[in-house]
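Pasting the structures here.
Each of the two complexes below includes chain A, the first together with chain B, the second together with chain C.
This part shows the complex of A and B:
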């Protein structure tokens, strides 16, 4: 879902660069108060792992592939603020080192994946977590559903940008149907990878998992 | 429960393995956005990336003909690069004011 240069006009690119910059600034503030020496390394590892897994495109339908976005995964592991920052770092590395995603479209891509993907994924995770029993086994399931939902929503967000300022003139509803339809399929892969990864981390270091700690009052540790 | 050292080392090695080795087997079909753009017809509005000439453009290593090595090297460089940027950034972010030494 990395947008190449040229898809969006200058005005739309500028607007979304501004929105993303504001979102990243808020995330910085949130992460500052939430991260500590114990959780910061996991935020770093989360960025590294997401970079690696984003290279692994899986086939979804005839001639189409998808890859992990990782927004819900990161939010459940390290909290939504640090997740926004982790995803943004991955996108920066991809754009500058690998020419994956256009530089002028970086703001729009960041908006879709680091902000919409992370926060929608985290919101869905919280809702599902509320319904499920309060035990460790529920966390990977809620995370998987968060991951599944986040991908078509990021695709919807791209469609919004397309409607606001695409250089092409194809109808928005055509783009909307195709984008959301394709990304529901990719969302299934996202959900699976997210659920499996969260369950592996819960099994080995549940004390580090933000989406579990913060569900469990007795274990909640807050450093002022 | 794994201790810190074991946990982070295994996570990092898993990432290196995925990006450096498994990436060769990834699907080379266009991703969702690219495919949709191609089918609807707006893919042709894409311009070549401003820094398309970069050494690791499109997850290959310039000058390395062996495909397995080319993508593997790019993956390892990406993992290391992300680790450095994210490592420094999160260390600075997590530092509390009281730790500041002037």
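This part shows the complex of A and C:
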């Protein structure tokens, strides 16, 4: 969901750049308290992972294929703070180095992907985790639902920007229908892949999964 | 695979003359022009100001956009960027201007006849506006990344008050991107040598397992890197380099790029008045 330059008017771009900057500032604080001086290497490698995994093609049908967006996945794996930072850096590098996504629209894209995508995904994950039984098998399911919800919500956030200041002629309701409609389908794919990936990580290194680590039971001291 | 194919294409295109091995360094075209030598943070500011002028120009001022394009091409020429490279890299914008291309066909209101096509007037104007502005933006970003190394762009962002931690995360990303990419490539070779072929959704489990393994390997690498940094005395901040003083004439040189655009903008307004 990259937005080109000139798609949004200057005012909307400035508003969302401000919102994203505030969100990233909060995430920086949160990541520092969670990871301390480990933040830079771990969020950096998470960014590399997201960038790489976005190149992994998942075939759908009849020659079409999709790829992961990774907001909810990163949030479940490394926590929402570091995930916000990692996704922001991915977008920043794509815009500045690959000219992928407009520079003036960077704030708007960051808002959709690394703030709405990550936090809505993580929020849904937490909610579902609360409902499901507290065991390992629930984590991938909760992650899948987080992944599923995050994509149409990011599309919704895009539609909001569209309504506020797009230079296009489609009516907002048409865009809302088309964006949210297609992204519900994309979200199903995202959810499935997120769930499968989390279950693969949890099978071999469950200690690395932030969303599960948080749920660990404390050590019991028993008498011999 | 879009970006990786792009990286590969760029790699084969420019292996004649490139310095460094990072992804960002491959995008960089080593030349000796004054545009290459300008301080990177000024180039970033100049690029952003230019795009802001372009974005603020009303879509109907087609003369101004023509002038912007000519001016951009002059800058490309001065920076010794081959036009072919510019156009090939600009193709990256195709997926996101797709939306704009649809606009003249699906809309409402007055219709106009363009050749054999019957198009919506408003959609045509707004759609072409997005394509033109988007292209100018993409090409400006390409000028930036072909005349400035990735490392320099990050340093420039740091001087523009991007938080140090963000700059560090980004430099880790640039440093390890090839390592992780190669890891992914090796996993692909391993899968394929065992007869795996990605066909339809039934292969998702295998691919997701690979993604999971990639995460574990990346994370463990992050931990190792962190430990080796600690053992070399890292305390949460990277050493800062002495920054050279920047005088007014360097500032002015960098700002010529958006200034000319601003002059075009004002000139167009004045001509419109008369």
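The criterion applied here is as follows: the second predicted complex is superposed on the first by the 196 of 224 C-alpha atoms of A that agree within 3 Å, B and C clash if a C-alpha of one lies under 4 Å from a C-alpha of the other, contacts with A are read in each partner's own complex, and residues count from 1 in each chain.
Methods note: a contact is a pair of C-beta atoms (placed from the backbone, for glycine too) under 8 Å apart; a residue touches a chain by one contact, two chains touch by 3 or more.
Source: prediction; values computed, not measured.
Colleague: Quick one: is A:53 in contact with chain B, with chain C, with both, or with neither? Answer first, second, both or neither.
Modeller: Touch status of A:53: both partners.
Colleague: Taking the superposition on A as described, I'd like to know which of chain B and chain C A:66 touches: first, second, both or neither.
Modeller: first
Colleague: Give one of first, second, both or neither to describe whether A:10 is in contact with chain B, with chain C, with both, or with none.
Modeller: After superposition on chain A, A:10 lies in contact with chain C alone.
Colleague: A:182 in the overlay: touching chain B, chain C, both, or neither? Say first, second, both or neither.
Modeller: first
Colleague: What is the contact status of A:193 with respect to chain B (first) and chain C (second): first, second, both, or neither?
Modeller: second
Colleague: Touch check for A:158: first (chain B), second (chain C), both, or neither?
Modeller: In the superposition, A:158 contacts chain B only.
Colleague: Once chain A of both complexes is superposed, is A:77 in touch with chain B (first), chain C (second), both, or neither?
Modeller: In the superposed model, A:77 contacts chain C only, not chain B.
Colleague: Who does A:24 touch here: chain B (first), chain C (second), both, or neither?
Modeller: second
Colleague: Residue by residue on chain A, keep only those touching chain B in one complex and chain C in the other, then list them.
Modeller: Residues common to the chain A contacts of chain C and of chain B are 2-7, 28, 31-32, 36-37, 39-41, 43-45, 47-49, 51-53, 55-60, 85-86, 89-90, 92-104, 167-168, 170, 204-205, 208, listed in rising order.
Colleague: What residues of chain A sit close enough to touch chain C in their complex?
Modeller: Against chain C, the touching part of chain A is residues 2-7, 9-10, 13, 24-25, 28, 31-32, 36-49, 51-61, 68, 77-78, 85-86, 88-90, 92-104, 167-170, 192-193, 196-201, 203-205, 208.
Colleague: Taking the touch rule as given, give the residues of chain B at its contact with chain A in the complex, in rising order.
Modeller: Touch residues, chain B against chain A: 1-2, 4, 7-8, 11-12, 14-16, 18-19, 22-23, 26-33, 35-37, 39-42, 45-54, 56-59, 71, 74-75, 77-79, 81-83, 85-87, 89-91, 93-94, 96.
Colleague: Within their complex, state which residues of chain C touch chain A.
Modeller: So the residues of chain C in touch with chain A come to 1-4, 6, 23-24, 27, 44, 47-48, 51-52, 54-56, 59, 89-90, 92-93, 95-97, 99-100, 103, 106-108, 120, 122-123, 126-127, 129-130, 132-134, 136-142, 144-145, 150, 153, 157, 163, 165-166, 168-177, 179-181, 184, 198-201, 203-205, 207-216, 218-219, 221-223, 225-226, 229-230, 234-236.
Colleague: Any idea which chain A residues touch chain B in the complex?
Modeller: 1-7, 28, 31-32, 35-37, 39-41, 43-45, 47-49, 51-53, 55-60, 63-67, 82, 85-86, 89-90, 92-104, 155, 158, 166-168, 170, 174-175, 178-179, 182-183, 185-186, 204-208, 223
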